[in-house]
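Here it is, the structure in full.
Order of writing sets the chain letters: A, B, C and D. Residues in each chain are counted from 1.
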Amino acid sequence: MKTAIRQSGDVAVVDLSGKITIGEGDVILRDRVHALLEEGKKRILLNLEKVSYMDSAGIGELVACYKRAREKGGTVKLLRPSGKVQDLLQLTKLEEVFETFDSENEALASF
Amino acid sequence: MKTAIRQSGDVAVVDLSGKITIGEGDVILRDRVHALLEEGKKRILLNLEKVSYMDSAGIGELVACYKRAREKGGTVKLLRPSGKVQDLLQLTKLEEVFETFDSENEALASF
Amino acid sequence: MAARTAVKLVLPSDVRLVELAHAVAEKMGEAAGLDSGAALDLGLAVREAVINAIVHGNRKDPSQDVELTFTRGSRGIRIRVLDRGSGFDPDSLPDPTAPENVLRNSGRGLLLMRAFADEVRFRYREGRGMEITLVKSLGSPRRGIEAAEGRSEGVVRRT
Amino acid sequence: MAARTAVKLVLPSDVRLVELAHAVAEKMGEAAGLDSGAALDLGLAVREAVINAIVHGNRKDPSQDVELTFTRGSRGIRIRVLDRGSGFDPDSLPDPTAPENVLRNSGRGLLLMRAFADEVRFRYREGRGMEITLVKSLGSPRRGIEAAEGRSEGVVRRT
């Protein structure tokens, strides 16, 4: 998995591409989100448009990031999950946990 | 492997794409060339630009097509072999057997 | 599904090999006639079974192997994943979608297997390890979420 | 190259599975640190060894298997391909690049193996079958054609 981080106002947008899976994507996701929280960047938008799928380890890490941000007084929201990722969020009932957006502007305005 | 056949003057140009390998590409190559020879099309140019590689079965079929065309009074020539295919022709010394071209116009004019 | 056409893949317990098991499952699924979406689903189900075999079954001990057996039939493909651990009871696990569990970091593997395979069976092979059987049928309706919710296919047969 | 990290793939003798063996070899090569060009070369060498194991070794009898063992080391990857046939003498074969042979339909498999792997060894395992060992080293110079011409790496060790 690859990531790129953009700052948009006070929101850090993380563009992810590839797969969030055990031993690779999950570790990268954790590292990126932890680093942002360490820097005091508490408003995080994960752009999942180019994530093809996640496994249970990747989903677990997504939840762990959400909780860690909350502990630090921050928020993690999701942008444009692709078909498979959307299926997985629905299946695991995490779509009820994460605020999810189709429009980046709406997502940015929601923080 | 996929193929498309174009007629250019009295030359049948076969555009191949994919891999010429055992049990698939080799069979398709044989079928296409045999069908052309059956129809009396004796001048055949195989466009290898989009062939990523061949295995020994594919190379064997290329030689078999060459010989079959010759038996019927025809010719098989090659257009733009890609890096790996060029390596294979050199390694097997088949580059000394096949007339090979970089330019389609030159190839067509050579028949 | 004649056993003589079975393909076997044996892996040491190293999570870096999960990728390989997933890729082989996807390829075998496509070779058996699944469309690419169904083959990906099979790959995802196998991925979860292999992660569990490595992590829970073999406790990441690389000297303990995970054995995958792929059997193609006219109606689909069956994959068995066998570890060397002491097994578990799949019916005694908490529901990861229950409100009190939805924020847990783990516990979703079986949910995914059941969603992405058409059939999931669990069997403990005495003196050998836990065996998970995953079946994906040709031309079966896509049963993502529905299948996971009606959980009846998770049959336990301890022998 | 410690054996405990070996991955094993066992295939029935069906040429449609050559693709799978090639793909697994390429993936294992990449996981071992080969660049994509070297991994493809390894895949092509393995492909030839597996075709021979299926076609010549096991005479396409699907009840006879081909066993591949992938062992990763710090300096590269070693792949063994074992069939159930009666073996052959790789030194008694005609040179497929000799003018009288260049138009033959077959006879180029060993040439390709030697060109695309850094080391090729042949061994007959009594009562078991022919075993071909292919080695691809990390950071080795690309030795396409040169290696095939100096044929010294084709060492036969009948034991």
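Heads up, the rule we're going with is that a residue touches a chain if its C-beta (ideal position, glycine included) is under 8 Å from a C-beta of that chain, and two chains touch if they have at least 3 such contacts.
All of these numbers come straight from a predicted model, not from anything done at the bench.
Q: Given the touch definition stated above, what is the smallest step count connecting chain A to chain D?
A: Minimum number of steps from chain A to chain D: 2.
Q: Taking the mean of the CA coordinates per chain, how far is chain B from chain C in Å?
A: Result: the chain centres lie 44 Å from each other.
Q: Could you work out how far the Cα centre of chain B sits from that of chain D, in whole Å?
A: The mean C-alpha positions of chain B and chain D differ by 27 Å.
Q: Could you work out how far the Cα centre of chain C sits from that of chain D, in whole Å?
A: For chain C versus chain D, the centre distance works out to 31 Å.
Q: Name the residues of chain B that each touch 2 or more other chains.
A: none
Q: Could you pull out the residues of chain D that touch at least 2 other chains?
A: Residues 16, 19.
Q: Between which chains is there touch?
A: A-C, B-D, C-D
Q: Quick check: in the complex, which residue numbers of chain D touch chain B?
A: The contact residues of chain D facing chain B are 15-16, 18-19, 40, 44, 47-48, 51, 96-97, 102-106, 108-109, 111-112, 115, 144-145, 148.
Q: Quick one: which bits of chain A touch chain C in the complex? Just the residue numbers, please.
A: 21-23, 53, 55-57, 59-61, 63-64, 66-67, 84, 87-88, 90-94, 96-97
Q: Quick check: in the complex, which residue numbers of chain D touch chain C?
A: 4-12, 14, 16-17, 19-20, 23-24, 27-28, 31, 62-63
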